[in-house]
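Next up: some structures, all given as structure tokens.
The two complexes that follow have chain A in common; it is paired with chain B in the first and with chain C in the second.
And now, the complex of A and B:
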């Protein structure tokens, strides 16, 4: 069953700024959707429009088939977790979680039952009588989630909920959020700028750029088949090597000196891309091109080699190679690489679409 | 500066003690003076130790009549002052809270204009507009009434401004969380805003109570009936004696009594007051 539908939803601010031109998205019940994009791409605005904290200027938002555009946030049956948690500082954890239910006139014994249940699930039972000021960041994060969960809403909205936590806690909470969502089966909309979070949490990803949904799909689809150079560069770390190239009779000409053989019906300007992990080190004879090493980042499990190709023409196209395991090549030395054709990504330079 | 130098300790303590003595000496003298008969001051020397007329003077002043033409006891005038001070304090806090709430959290036409108009009243304290204000109060038949004593002093830009700053520091996400939790304007005000500005209210209470208690000019103008005399203004009245001696002992007792409530308020609310000025738990 479709749970949340955004139909041509757009946002224009009173000063004329067109933040979101038009977004179409339909979310299945129980689905975990992650909105991801660089800062200023409108992902938070979109989430706030679903929440009802920003008005919807164009299009329609439906939750369970019901038009929501004019409804107050409280009437939409959604719950939101904010970036800085937005806990009521003067209330105890219990009161924080109970407040929404109290305002809805839920009887006291039911409130107590629900809060105790959720607190138990999140491991907050010990902390119920504390104030937010006496909690650590991770605990506050949990309380904020608990406050959303007690209401048993139709949709959860998360606005970069993990960005204020330290790295270790972030990983832990990420896993926990995913598990809780699976267990509760609540439709979830999650905003983040962190692509690891996006890839690991999402059933489907929405990559936003300048208010437009560049691509909507499962994390693996987006990783394997990015629709545009923007998506290709944004998803994946280190990001994909993208080089302006030209498709001719001989193949893909990525520089004056390097032409990679490929027969393709397309002719003209393209963006050629390959992920750092797909480049293969080989000997000089079989190589497609040589890389002049400029920097090496050894991470133990993998090694990132930064360098430039195409030195002769002076274009110095930067390229990153990712190798498994530790390697210690000399700076300024050359390594030879092949780019297996099955891992290429080609985009039309004009339309920015995948070929 | 945490240093362990014995001389520094001695010197700083001595300085503090001299300071305390300087401040406390007049109060001490007033206390001593109130225990001597009125005639003791005519002879030219100032007594520095308690006399024997203390209990009588204090009893008379507090419960019978203040003296020098004022027949109301000080106890009664203290009640008047208290009503006026509390009326001004609570009135000001209530009105400023509401106006700051409107200005910060609601979008309505001419919102900024409203704020600046309120702000501009800072330039028009009661002393500046005293004649027209008197006329208004007189026309409303509010002379010699508690309403007349408090109402003109209630409108306040300072408190509005203070609460505005306090409300502006409340993060927007908190407001939004409350909206999602289904808190309407009233619930938000009483459940979130009031508890969060608790320390600010306390700090303002102290300042405003003292301001209200010490009002002199306005009560002097609009009260002609002994029943509405406030304590601070009647001290002056007790001094203006045309013939005979000034009853210094009674005046000193009255003065000390006038000092008591503000001191009590400051001491009682010291902790909250400092907290309200210093920290914000948001």
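And now, the complex of A and C:
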């Protein structure tokens, strides 16, 4: 069953700034959708429009088939977790969680039952009588989630909820959020700029760029078949290597010296891409090109080699190679690489669409 | 940070102007008042006689003094409560204004720059029973306004005049306090189903409590000690004793009644009250609400 539908939803500010041209998205019940994009891409604005904190200038928002554009945030049956948690500092954890229920006139004994239940689930029972100021970052984050869960809303909205936590806690909370969401089965819309968070949490990803949904799909679809060079570069770490190239009779000409054989009916300028993990080190005679090593990042489990290809023509295209395990090549030495054709990504340079 | 001076004399030299001001305008008169409080002096200042605590005994057995104390309390709390409520209302509205915000805020701050006596005269003219526009309007509405004869009306007049002057100050602090409340809290509360009215009373107002408490003390001190000019320009403490606050009584008894000893004893009592209020302010003003 479709739960949340955004139809041609757009945002224009009173000063004429067209923040979001038009977004179409339909979310199934229980789905975990992540809105991801660089800062300023409009992802938070979109989320706040769903929450009712920003007005919707164009299009329609429907939750369970009901038009929401004119409804107050409280009438949309949503709950939101804010980046700074937005806990009420003068209230105890219990009062923070009970506030929404109290405003809705839920009887006192039911409030108590619900709050204790959720607190138990999140391990907050010991903290119920404390004030937010006496909690650690991770605990506050949990209280913010508890406050959202206790109302049992139709939709959860998360606005970069993990960005104020340290790296270790972030990973832990990420796993926890995913497990909780599965258990509760609540439709979720989650905003982040962190592509790792996006990939690991999402049932489906929406990659936003300048207020436009560049691609909507499962994390693996987006990883394997990015629709545009922007998506290709944004999803995956380290980023995909992208080179301006030309498709001719001979194949893909990525520089004056390097032409990779390919039979493709497309002719003209393209963006050619390959992920760092798909490049293969080989000997000189099987190589597609040579890489002059400029920097090596050894992470133990993997090694990232940064360098340039095509020195001869002076084009010096930067390229990153990701190798499994530890390697210690010399800086300034050459290594030989092949780019297996099944891992290529080709985009039309003009339309920016995948070929 | 600690600064060390090579010479011993320089720090004292730098402190000297402030020390002089304090000594000449506070310590010296205070000492004089303290001394005077134990003497009885004749009206011409030709002779005086040590009387011990007699001035204080007279003071605390005088029903008029208690009357004045009650008047002061009524006056001060009225000024503080009306001044703060009006300022809070204005600040909440100013916080929502988007266009012409600066002009609106500047205009609201102006009354603070008006001298107390001028503020008094202004309201005295507005409420003058025979020619004041407000008094005439009240009369046409069926209210018989004459603050020269009616003690309650005189009290209302001095409260209005004193409050008006203090609203600007309160407004500035409330506005700053409101702007320090994180927007996301209000948004969270609106998602939590709280009406704008409820949001204000359950979220914003409690978060303003440090500001509110600070202003309460400041306003009480203002009404106690800094409203002499307003009262003198509007009612001169009358009719009868109905607007004679403690500070006005010091002036009245000392400079009009020429009971210098009694007046000095009242000053000493007032000094005690100021000291107490200062202690309260410093003790509790540090109570702060943490925004997370």
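Annotations for the structure displayed:
As a working rule, the second predicted complex is superposed on the first by the 355 of 355 C-alpha atoms of A that agree within 3 Å, B and C clash if a C-alpha of one lies under 4 Å from a C-alpha of the other, contacts with A are read in each partner's own complex, and residues count from 1 in each chain.
As a convention for this text, a residue touches a chain if its C-beta (ideal position, glycine included) is under 8 Å from a C-beta of that chain, and two chains touch if they have at least 3 such contacts.
What you are looking at is a predicted structure, and each value in this text was computed from that prediction instead of being measured.
With the C-alpha superposition on chain A as described, chain C and chain B clash in the combined arrangement. Of the two partner chains placed by superposition, chain B and chain C are both touched by A:84. In the superposition on chain A, no contact is made by A:13 with either chain B or chain C.
Of the two partner chains, chain C is the only one touched by A:140; chain B is not. In the superposition on the C-alpha atoms of chain A, the part of chain A touched by chain B in one complex and by chain C in the other spans residues 51-53, 72-74, 78-80, 82-84, 86-90, 99-100, 103-104, 133, 147. Put simply, chain B touches chain A in their complex at residues 171, 173-174, 176-183, 187, 191-192, 195-196, 198, 281-282. The touching residues of chain A, counted against chain B in their complex, run 51-53, 72-74, 78-80, 82-84, 86-91, 99-100, 103-104, 133, 147.
For chain C in complex with chain A, the residues that touch the partner chain are 182, 184-185, 187-194, 198, 202-203, 206-207, 209, 289-292. Residues of chain A touching chain C in their complex: 51-53, 72-74, 78-80, 82-90, 99-100, 103-104, 131-133, 140, 147, 151.
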